[in-house]
Amino acid sequence: MTFSPGDLLLVLPELLVVAAACVVLALDPVLTPPQRDGLAWLSLGTLAVCMGIIASQMGQRAEAFGGLVVIDDYGCFWRLLLCFVAGLTVLLSYSYLKEERLHIGEYYGFVLLSLSGMMVMVAAADLLTIYLGTELMSLSLYVMAGLKRAESRSLEASAKYFVLGAFSSGILLYGISLLYGATGSTRLPAIASAIANQSPDNPLLLAATIFIAAGFGFKLAVVPFHMWTPDVYQGAPTSVTAYMAVASKAASFGAFLRVFIEGLGGLKTDWSLIFLLLCIATLVLGNVVALVQTNIKRMLAYSSIAHAGYALIGVVAAGRSTESLGGVNGIASVLLYIAFYAFMTFGAFAVVAMLRKGVVEGEEIEDFTGLAKRHPLGAFLMLIFMVSLAGIPPTAGFIGKFYVFMAAVEAGLPWLAVIALIFAVVSAYYYLRLIMLMYMREPGELTPDSPRLVMSPSLSIVLACATAGVVIFGLYPRPLVSLAAQAVLALK
Amino acid sequence: MTIPVSYYLILSAIVFLTGVVGVLIRRNIIAILLSVELMLNATNINFVAFSQHLQDLGGQVFVFFALTVAAAEVAVGLAIIIALHRSKDTINVEQFNLLKW
Amino acid sequence: MTHSFPWLTVLIFLPLAGAIVLCFVKDAAVRPIALGIAVADLLISLPLWWLFDASLSGMQFTEQAVWIPSPPIHYSLGLDGISLPLVIMTTVLMPLCVLISWHSIATRVRGFMALLLIMEGAMIGVFAALDFVLFYIFWEAMLIPMYLVIGIWGGPNRLYATVKFFLYTLAGSVLLLVAILALYFQGDHTFDIPLLSQGTYSTSLQMWLFLAFFAAFAVKVPMFPFHTWLPDAHVEAPTAGSVILASVLLKMGTYGFLRFSLPILPDASKMFAPLMVGLSIVAIIYGAYMALAQSDLKKLIAYSSVSHMGFVTLGLFTFNIQGIEGALMQMVNHGITTGGLFLCVGVIYERTHSRQIADNIGLTKPMPRYATVLVIFALSSIALPGTNSFVGEFMVLAGTFLWSKLAATLASLGIILAAAYMLWMVQRVAFGVPSPTFLPTLRDVSPREMATLIPLVVLVFWIGIFPNPLLTRMHPSVNHVIARTLPPVPAQATALTEPDMLTLPSTDESPVPLEASRP
Amino acid sequence: MLYALIPLLPLASFLILGLGGRWIKDNAHLVAVPAVFASLLLSVLAFIDVAGGQHTTLPLYTWLVSGNLDVHIGLYIDRLTAVMLLLVTIVSSLVHVYTIGYMHGEPGYARFFSYIALFTFSMLMLVLADNLLQLFVFWEAVGLCSYLLIGHWYERASACSAATKAFLVNRVGDFGFMLGMLLVWVSFGSLNYHAIFPAAQDAAAQTINLLAPFGGAWEISIFTLICLLLFTGAIGKSAQVPLHVWLPDAMEGPTPISALIHAATMVTAGVFMVARLAPLYNLSPSAMSIVAVVGAATMVFGATIALTQTDIKRVVAYSTVSQLGYMVMACGLGAYASGMYHLLTHGAFKALLFLGCGSVIVALHHEQDMRHMGGLKDKLPLTYWTFVIGSLALAGFPLTAGFFSKDDLLVSAWSSGPLGQVLTCFGLLTALLTAFYSFRLVFVIFWGPSHVDPHHADHVHEPSSTITVPLLILSLFSILSGYLGIPSFLEPVFSTDGGHAEGHGAAGLGIMVAATLMGLAGIAGAYYVYVLNPHLPDQFAAQWENLYRGSLNKWYVDETYDRLFVRPTFSAASELWKRVDVAVIDGAVNGVARAVASGGWLLRLVQSGQTQHYALAMAAGIVVMVTMLLLF
Amino acid sequence: MAQLFFGYFAGVIAITSVLVVALRNPVYSALSLLIMFFHVAGLYVTLHAEFLAAVQIIVYAGAILVLYLFVVMLLNVKQDDRYHGQWRIAAFVCVPLLLELLVLLASGGAAQSGLLPAQTAADTADNTLAIGTTLFSTYLFPFEVASLILLVAMIGAIILAKRDFPERGEM
């Protein structure tokens, strides 16, 4: 129960991230704007080091701080992913912020701080740590969403996000309190054993499960807790949106799975039913409403809702599976799905961010009209991301869906897979519409002062990484598959 | 020590739901935040009651952290409100509807 | 020798590599390089025809490598008598598609050629894949290039058509994915197609899977009533797109039936056979009627495809060698003939920029060579003896006749109607006096265009006159499929109930009973 | 192996002309004519070879093998084939020669030669076939040639329609043929004559339930069904009622074609087929009766129409329909040899008549309406005399070929039984009509006052020798072929046929006399009406207007078909397309898409932008979840 | 006695919390909330959580609520007359939720007795010491995280609430 210095080594990546954040925040006021670019590189460097450390931590399982934090393959999987996404975000922001004339050095600090929150979330083995990590992440994101203060949309997004976030964290906390009451602890292993020792019909437990599910549902943007997503995604600066859509969702899934599998695994018959309903609702609503969007960020927001639905299929499958190791495939499929989702969604947002040039807002779907003529490479990359989001081989999106559906079928839910696939067809429509606009429509008048679209080097790196992820993992998913499988074994 | 823990639960449920109702029906964003505070307090009552019931300090520690987080949230929230008020001249939540559909 | 060289991998990846190469070459070099790659692929595929051992029923030229260990998905390729003709048909058609697009595709040539090559790789992959997931990946991977080809280079209403094509076929194939997964878990936890084809599955499972397969394949074929994407897609697609769509893409559906539905789900196939035969007959007659009502050349041919593909599905579900081999023949034939017809339409569209029959009349006078070729393809399309289609349709009808005389009779009506719409089209397009508006533009076919048409003409007659080499290669594989659909031989039961049968020498000269297997 | 060249030479000629036509152009005949004459020579050799009674089988190659569907292309030559070979090659050779004169200078000269070469090849392969499928293949191939040749003048709309019509009507017949063939295969496991015929004898008692798919029971003999289905093909190809409609229209083609294809060879393929399959037909008396009745009906029907037609080629065409009826009737009555006999003589004299018509037409610069002719016998003496010979043969004038074959036919018919006797009466009536219309033709064209277009009247002269020589040769055949004793030559082929031997009984003699008298009466009647009293035709027409109009309009068969089949098909097609394909099926597809999209619009409204609505949704979500758990 | 205290605190807490929501003037709401905080603190005392009671008053009543009032005054928010238009629907949602919760919790609380007491007794003599010890040993890590949260809140609030957006860079 006591603190040992060795524990610090285990959370070294988190510490490094926080340290870097502090350095960034401290240096920001004293640096001149050109020098402030260095902060981005500092952040990147830190993240790279962190990823190295995390990679070296793979394969072990160690508890730190008396079991509040656990360093295992599962956590490392997510931490790796999160660091990677954060790195991409820094790169994306590097050029995006210049475009937006948002010269805030604190920005990188917030990226890093929220990253540290996320890393805490996924490495936590105690509801308290999870809660704190979540709040650290959320608070940073509330601020980041409102960073474009000059625009009332950005502030409005921030306000909505904040109000609803606070509301949901109240709900989550309430659920945690009930769970604490029902099991006598906030430690996940202790909760699990307490549940195993009592009747699963305990109403307190059920109520706790529901409130916790609702709290996480908000973070995961699951219907009906999704409604903040489109507004916030649209209003927030694009780089922040990308970060939110990918990293925050990934971290939430990481914590969510750990809570529900490690902690509430004994109640899986109950929660899998709940998530089954939520999953179907999410699939339907996310895809159907995305059909009629006119703003690309909103569309991607609904798409991200829908993708949460697909990932939930894996969760449901894990809950419904009757086989001894049945849950493994379900969870692994979620891990894979979110990882693939990270690449493609981030890529899509990066392209959207790229379109933000001077007068060109680049956020209306119509703005993509004829992009293939104006910027063939950008259009092509967007095509790849859209294809992948639609889940069409040979892209990573397909592999992700494949595993999720495989889990569903294995768990005896082929009909769920059928529903999901039918809505995947619906989703194909709106992804294709973008392709159609880019490739099959002529661009409007190109006024002389409308700037040429140029990919900045940092953006190129982002796009290259995302594309490589989508394509390479689409063709050769084996490394990630085995990584996910390994990660899931740690969870058990 | 004869108060059953369920009494506390019921009290907290009432307070919690009052908070929820507040979030749902108040138009003033500050009032909404106040309602959120109600929800958090309800939670805290739960924690403390359980902590006492279980003879476990963990609940109280949790409350401590919840308080901290609440304070932080308030700080951020009020900053957002001020910024919003500055840009829109209102803190009526109904007026924040640039982003929709 | 045949086992050491990765024929199929080269066949699949040469075009894909070519597509990448195309992105980096000079504009002027795009067309020749695309052509060169397509021709190279053809040349690589041709030796397979001779290297193929027609006495084996199993897969040949197999290659296998682990792709994903868990679940076990393999990069596994191979050809048998069913897929060999289709692969070669594909490789033959692709150079023609490149050639016909030489000038007609003027914008974004690089992209177009690259997409053509990508499609070639994917199509060969579909036919050669021996792993169900690999198959599915190739199957789906076809969609996006086709979507782009129609959507970017298509006609005025291309956006509607292309989205319809995409969503329709995607909607069909998603169920296939679920079926594949269900098969995996209900079977031996394998995606290996030959292994799956040996398993036994419960009848109810088979029925569900059959329906799921059906959704995917029937849309692709397309069977009535899932055919409405076809006319739109065909009409709007550029010529090469139409050719690929008609010649290869549609075959993927019937190939699916033959490769998966029949051997993996024999009981369900038999159970659903009346439905399938019924739908096929409806497609044959209905498609022909639709074709009669069209005034747009491409639409007419598209609906005729519906009718012709009806023969293919009809043949498949007769479960006898004539029917299935006929269907397979018909798949190849339809690829050649309809491909040829679409090429013809493309040629004339380049001149008059109209696909309306009313605009393209009386072409024999100004374009005699063109008219000759058009008439040849039209005659092939109506299954005139001596042309390829006759062989296929006759065998299909023969097989159907064994299965049900009524079905064969109804299907034969399609032959009359086919003659009606095709000849009426020929009468208007080839004969008569050309419209003066377009007369100045009506140059006869250029050598390049002739080069695209002649190979198909040769094939029309070659297969029509010498079908046996093709059939010989099909026999073992088709027999293999049929063996799966036969009921397990109740040798003991027969011996018990009819002991005399054992003692009597076999005197049955005509192996086919009069009242052939009527379900 | 040498005999394989009989069909292959015309094939080679076709390929050379077809591929190299652009360079060969006006020298096309230098390729085509030698080839067909070589074929003729070889045919004669073949004839001599098999005249002794033996037959030759010459397998060529394996066409397709699939299970027990085993088809080999092969040649089979026996007496029946041999005489058909002679007929085809002779007429074809003559038509080739004739074409040189007739088509010279036409733009499609080489194309025309290539088509008739292809036709000759196909027809030869048809008669040489040793199995049903091969027969069917070339059966359709000759149909194709017919189609191409009818549409030779492709810029003429009527020619194109006629071509399409011919093909389609034949397709209807072939539909039956195909089914019949399949039934043969299913029943006997083979399509080869040598396998079918013995198997058929063994399976004579087999029946088939026609209503099996509908749960009914209507057992009929399998042979009846097979024969009738196959006969459907013959109905189409040999222009029997009710599928005769294409043949008169086929006269849109160049005249040599009418002679070769639509008189002498292709249209007789149906008769040939029935004769070839005599062993099958013999097993089904009821099918035979139907065949006979159909033939008789056609015979009368064609003759009545021929009476009033004004286009000379159409008169001859309907005459062909009628004569084909004779042959079919004979076959139906079991008198295959007589039928074949008439087929051969008819081939000669009808080709002669057509070529004669062609000669007239060429002389009058493509004038075909007999009302614009007359008085040509002095200007075209050679044509006139050959035409008269042909007409005499057609009318069955004593000592011409037609006389012998028709009498033989009627006698055999009479002796075949009660049905035969009834039909013979019709045959006699038709003989009268035949003689009448054939001499109407002679008198109107060559006699009487000239109604020729004055522009051309002065230039009318006998065509070149390439046209007249074939006429002369054919007139020779029209007379001589009657003396060759063909029926007895062919008799062994139809070994079961016992009817012919007693042909010369008393009744036979009576029939012969009656037939001759009928023919003479017809000629006399024509003379009376068209030469002595030229006003009579109009008078008759006025008097029996309905009859006249009916005959003139071919008894409105075309119109009826148009109403019954053609127009309903087209309107059904467009209605189906609009109402079912576009409205229902596509409507459903688009409807689903629209429904999903409207769902999207509707659900989108939920996203009101009101933060508290969002919170409410969350709360409601919790309520639902709790309720669900409470309920379960 | 205990029931009496509980009854008093619970009653006031319930009433004031309803008032927080019901009173239309935010200032009054805040003041009701203040009263409620005090009573919650009182309740904590009865539950032997003296440290938390103190923190409740210092942090909540002293800091948070004052901040609220400060902002209310700063923004000079006019009286908010109406409730949100969806209040009826909200009632439809929340009343069933309340009932359901009561059902669940009443039965759940009864099922609570089976749990073992944990290692660290909550009502030790020195509650503050116990919590302090725990915080800096077992909960050191969360404590640090909480400090980060405060850091974020602080800087975030500064960034968002700064009056002028300083365009510091002239790119």
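Order of writing sets the chain letters: A, B, C, D and E. Residues in each chain are counted from 1.
In the analysis below, a contact is a pair of C-beta atoms (placed from the backbone, for glycine too) under 8 Å apart; a residue touches a chain by one contact, two chains touch by 3 or more.
Note that this is a predicted model, so its numbers are computed, not measured.
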Name, by label, each chain that touches both members of the pair chain B and chain E. A, D
With contacts counted as C-beta pairs, which pair of chains has the highest total? B-E
Can you tell me which chain lies farthest from chain C, using the average of the Cα atoms as each chain's centre? E
Relative to chain D, largest Cα-centroid distance belongs to chain E
Going by C-alpha centres, which chain is most central here? C
Gap in Å, rounded to a whole number, between the CA centres of chain D and chain C: 36
How big is the gap, in whole Å, between where the Cα atoms of chain A centre and where those of chain E centre? 29
For chain C and chain E, what's the span in angstrom between their mean Cα positions? 70
Dist(centroid_CA(chain A), centroid_CA(chain C)) in Å evaluates to 43
Residues touching two or more other chains, restricted to chain D: which are they? 593, 604, 607, 609-613, 615-616, 619-620, 622, 626
Note the residues in chain A that touch 2 or more other chains, in rising order. 128, 132, 135, 139, 142-143, 146, 149, 158-160, 163, 167, 171, 178, 181, 184-185, 206-207, 230-231, 429
Residue numbers in chain C touching two or more further chains are 167
Listing every touching pair of chains gives A-B, A-C, A-D, A-E, B-D, B-E, C-D, D-E
In their shared complex, chain A is touched by residues of chain B numbered 5, 9, 12, 16, 19-20, 23, 29, 32-33, 36, 39-40, 42-44, 46-47, 49-50, 53-54, 56, 58-59, 61-62, 65-66, 69, 72-73, 76-77, 80-81, 83-84, 87-88, 93, 96, 98-101
Flag every residue of chain D that touches chain E in the complex, lowest number first. 610, 612-613, 616, 619-620, 622-623, 626-627, 630
Using the touch definition from the top, list the residues of chain A that touch chain B in their complex. 128, 131-132, 135, 139, 142-143, 146, 149, 152-153, 155-160, 162-163, 166-167, 169-171, 173-174, 176-178, 180-181, 184-186, 230-232, 234-235, 298
Residues of chain A touching chain C in the complex: 383, 387, 392-394, 398, 402, 405-406, 409-410, 414, 417-418, 421-422, 424-425, 428-429, 432-433, 435-436, 439-440, 476-478, 481-482, 485
Complex contacts: residues of chain B adjacent to chain E: 1-7, 9-11, 13-22, 24-28, 30-31, 33-35, 37-38, 41, 44-45, 48-49, 51-61, 63-65, 67-76, 78-83, 85-86, 91-94
